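Common to both upcoming complexes is chain A, partnered first by chain B, then by chain C.
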Partner chain A sequence: MSQSSAMQGRFWSFDRAWPWLLPMVAMLLVFTVYPLLYNIWLSFHEYAPLKRRLVYVGFENWQTLFADARMWASLGVTLFYFVVVLIIQLVLGMALALLLDSDDPGMGFLRGVLTLTLVVPPAITGMMFLLMEDPEFGVLSWFLEQIGLLTSSTPILATPATALWGVVLADVWQWTPFMVLIFLAGLRSLPPEPYEAATLDGASAMQIFRRITLPLMNKVIAVAVLIRGIDLFRMFDYVFVMTSGGPGTTTYTLSLYAWQQTFSFIKWGYGATISLLALVIILVIANLFIYIAKVRW
Partner chain B sequence: MVRSKSQRMVRMILAWIVVGLFFFPLYYWMTVAFKEGREIFDIPPRVFNFTPTMKNFEEVFGISFGFGFGEQREVLPGGGNWYMTPRLLDSIIIAVGSTALAIAISTFASYALSRMDFRGRHHFVGWVLSTRMMPPVAVAIPMFFMFRDFGLMDTHFGIILIHALMNLPLAVLLLKSFFDDIPREIDESAIIDGASRFLIFRRVVFPMAKGGIAATAVLCFIFSWTEFLFVLTLTQTGLKTVPVVASTFVTSTGTAWGNMAALGTAAMIPAFIFILLVQKQLVRGLTLGSLKQ
Partner chain C sequence: MATVEYQKIGKSFGTVVVLNDLDLTINEGEFVVLLGASGCGKTTLLRMTAGLETVGSGNLSIDGRRVNDVHPRDRDIAMVFQNYALYPTMKVYDNIAFSLQVAKRPEQEIRAKVDEAASVLGLTPYLGRYPKELSGGQRQRVAMGRAMVRNAKVFLFDEPLSNLDAKLRAHMRVEIRQLHDRLAATTIYVTHDQIEAMTMADKIVLMHEGRIIQVGKPDDLYDIPNSKYVADFIGSPTMNFLDGQLRRAGKKVQFVCGDLKLSLPAGFSDQQDGRRVICGIRPADVTLSAKGEITGELSLIEKTGADMQLHTTVENHEFVAIVPRGVDVAAGTSVHFAVQADKLHIFDAGTELRI
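Up next, the complex of A and B:
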């Protein structure tokens, strides 16, 4: 019946869907489709400092892109960060969710405390960890030196081998609670019957987790991976405030590299080209994931 | 599952320790906000044994609190009166404005996506979702030029637009899920009684979804409040939100850690209050409406 009611009536009518959607469509067209087209146009141009204007350069930016070792390095960093942080947050998030899935007194309070990390501005999180990882007076550096994991000659964020892990730590701190909350909601909505049956059959806790909990949590895990994965791939704030990409190229993400090329080095066309690459990769990965994991909205 | 008492105790202690570890960075950051210069740099770091002072807050906001744990300061270095207070106002204007705009646009769109059957509805939802995937940098670069050409650079209005856009996928998908919770039969029987779609929206669906709309608004506010890249790129000198201005405290001559921590702490408090208000809808919000608690 709704089908027909949406079709009936005058063109200018709230019985039709389009007047309801118009403001959103206008907004999305102006602020996403137009920028996308502009980016594509920009990727065929470059700012010429001497002429003080954009000049047409053909496919030069795209050729540079695929021959640019720094671009490949930052793509590598982005993918590494994406995979490593996602795995850590999944495993740690599931472990904490299982730990906090209880009605004992105080557990609700602890779950509430855990949500606080989610609303700290990521740029401020970056500075919190910058302070704690400071080689001279950082509380984390000091602690790691005390237990002998670090020497005073290896500043965490200025040593190529450890810099990215310093950033990973900030991300894990801020967003593992995201996974915990989602998994907790999933765990709490599981039906009790399979567990009762499994306990009667004498299944071990590990067997129950692997054979019952994980399969039942499929959808929840898929949604968490999708949303977290998108944000991990386009991560910018932490590296911008903590390391600016250094030392060397060890903490350059694609987003940061595109931003710096555009606004620090005034390579407008090339920056747009890199950001387009990032856009295409994330759209392909995310939509493929939605298709394979059958995530529905 | 039946668990023994000692197992429950172990589990409880472990839970407190783990959550304590997660809380520690926040706690330590707040202690820095209340520390006087030298104490921030002491080795071993001062975690509990410091002398609290309001000096950093007084410097950052240019007001003398008077109750500063026993000491009064007269000279306020930094940038003069109300030093960072206008930046806090910028943040509030932008967060409130963009939330209002995003909610206004998305309640209409979500109603149609939830209630009406039209061709391509599924694609609409997919399109909204994929705008959420765009890396902010890919939007910020063209926006920089567009803002420059249209005089939107450094204006509250410009940032409000861009933050509303950023929150649109969240708001549309989340509100759609709240509208989906309201049975369609209500609409359909009202239509049979001769009510128009708009009347149903205003008198029936909107009032019933009020709680969901409020929760969505709170999340939009928080995401605008904490956003960094767009404000960094699309403002120059006229306005700045708190996260961006805090990052400018890192300078080549040293970082004003105490001031930065004070500003950061002040900026976290509204977000903390808000997040505690929406605990019940939080999972649904964070998953863009796809999981219900």
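Up next, the complex of A and C:
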């Protein structure tokens, strides 16, 4: 038997792709495709406590969803949170990255320090900020009162107008360094020549940032926005720990609302429906964004 | 347009001295080529002129004004970089227009200037393209266009042709020189290619190990190199060098190397007998002649088309001669060359300086 026909006869040949792909495909099927399909199936059913099983309800969950004022309110909270935190983290992250993009002594240490907030579990961060924003002994509350932004009669997390901002603080503290790290990686890999050329062309630092750095960082920023954006849209930990959605329902995010429907009210089907809505919105926004951010150069 | 003056310029990176006590004056409208092997400090000097490197010591003046501490943005200098340094996110139009845009010139004026530069450089069809959609030669032109619209005091070129193929390089040499003649701007051009230097320069500054070895017109450096280094660097194929001694024979002085004896011009009559020297002879300065004094063992014939290069051994030295094509010689035989006495370059064997 010649060498080539021996190769053809073998199952684990490099000519056949599928035996090699099989483990990955199986994992995706079990852990991603199946849960998604099950979720969709679940959204057309509801748990009947008396019968102790799921019964088919047709489009009832979907009809409830679109008529549910609390769902719309939590979607509003989620979108507000998404936009506000993303903008703060983008601007702050870029500013810090530009400051740290230097070979001066100590900068490497500072860049290393940045990663520290990322190793704290988000739930713990939530607890930390819950304590720091405590109206009686919280250091943040004290500080904000000292600079006159807050009075002792307005506890941050218990006042409807400020509660979500209290949560924003925790998110900004924990995840801005993530933005900084991504931006720094981008900034450090930019070619030096266009900067030299632009300086000789008479451009000011601001003109160089706007016309050279930002466009060059285009793709890096897009990646950061995408990763962080998806994270923000499914935000759960901070509100769960810090406010439990309160006061009232002012800090209920879509994820927290889905969790409440599913696990507190045992509405398996309706919880699944809310999650699916969140998934669809994320998919639409993400793809729209990828389309817009597509760069030609 | 401006003069550029370097006074006692020095520069070191750590303990490495890159430029050493360098004096040079570049006149208004001159095309000056800084020539030298890599590591000779020519690019550092150029970047220093632009302000991209700080001046270590000494004075750098543009148009009579000391600019050591002037920001590059305020020096009014245009530069073409070796790798072009185009703005990758901008189309060709914006690349060329950038300096005018940041100076907030009126849109109409910008368009007029960019269009003019584009038409001179043959870039008009490409104004809407991104740099990555252009060939190497086109990118090179964009870099030049960017410098052209500037109307700067001084134009700097940092080995702008080294990334182009030979044919395009020859073409761009002519274009850059024509551009200079059009703009009549002071130009400093860095290269390690002596052909570029010879063909383009008004004045060549030959540098070696952070120092200037010789400054002069291209012909001067070719005809009267002040040292063996310059003689070796300029000219292709390179000059032949023979080690030997000066011999007095009555009033005449001869160069002697083994059995080879060459008479030197009258100017050498006051030279000491027995002085150890190096005799340089350019390959193109010898002629085949049966009565020639130089005898070489011919080992290889290279045909370049227009002429032939004969690789020979003369008194244990490699010796190359350029002769017209079609002369009847064969490898493995002896050939005889004649050379005129005034074409001999005599250098001291110790200092390697011209005598």
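Everything below uses one rule, namely that the second predicted complex is superposed on the first by the 276 of 297 C-alpha atoms of A that agree within 3 Å, B and C clash if a C-alpha of one lies under 4 Å from a C-alpha of the other, contacts with A are read in each partner's own complex, and residues count from 1 in each chain.
Please note the rule applied: contacts are C-beta pairs under 8 Å (C-beta built on N, C-alpha and C of every residue); 3 or more make two chains touch, one makes a residue touch a chain.
Nothing here was measured: the structure is a model prediction, and the numbers come from that model.
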Side-by-side fit of chain B and chain C on chain A, or clash: fit
Chain A residues touched by each partner, larger count belonging to chain B or chain C: B
Partner chain in contact with A:T199 - chain B first, chain C second, else both or neither: both
Partner chain in contact with A:V91 - chain B first, chain C second, else both or neither: neither
First (chain B), second (chain C), both or neither touched by A:Q207: second
First, second, both or neither for A:F263, with chain B first and chain C second: first
Which of chain B and chain C A:L288 touches, first, second, both or neither: neither
Chain B versus chain C as contact partner of A:I182, first or second or both or neither: first
Superposition-derived minimum Cα distance between chain C and chain B (Å): 8
Interface residues of chain A shared between complexes with chain B and chain C: 199, 295-297
Chain B to chain A touching residues, read off their complex: 1, 8, 11-12, 14-16, 18-19, 22-23, 25-26, 28-29, 32, 40-45, 47, 104-106, 108-109, 111-113, 115-118, 121, 124-125, 127-146, 161-162, 164-165, 168, 172-173, 176, 184, 187-188, 191, 196-198, 201, 222, 225-229, 232-233, 242-244, 246-247, 250, 257, 260-261, 264, 267-268, 271-272, 274-276, 279, 282-283, 286-291, 293
Chain A residues within the chain C interface of the complex: 191, 193-194, 196-204, 207, 211-212, 215-216, 218, 295-297
Of all residues in chain C, those that touch chain A in their complex: 50-52, 71-75, 77-79, 81, 83-90, 98-99, 102-103, 130-132, 146, 150
Chain A - residues contacting chain B, complex: 1-3, 5-6, 14-18, 20-21, 23-25, 27-28, 31-32, 34-36, 38-39, 42, 96, 99-100, 102, 104, 106-107, 110, 112-124, 126-132, 136-139, 142, 173, 176-178, 181-182, 184-186, 188-189, 195, 199, 219-220, 223-224, 227, 230, 233-234, 236-237, 240-241, 254-255, 258-259, 262-263, 268, 271-272, 275-276, 278-279, 282-283, 286-287, 295-297
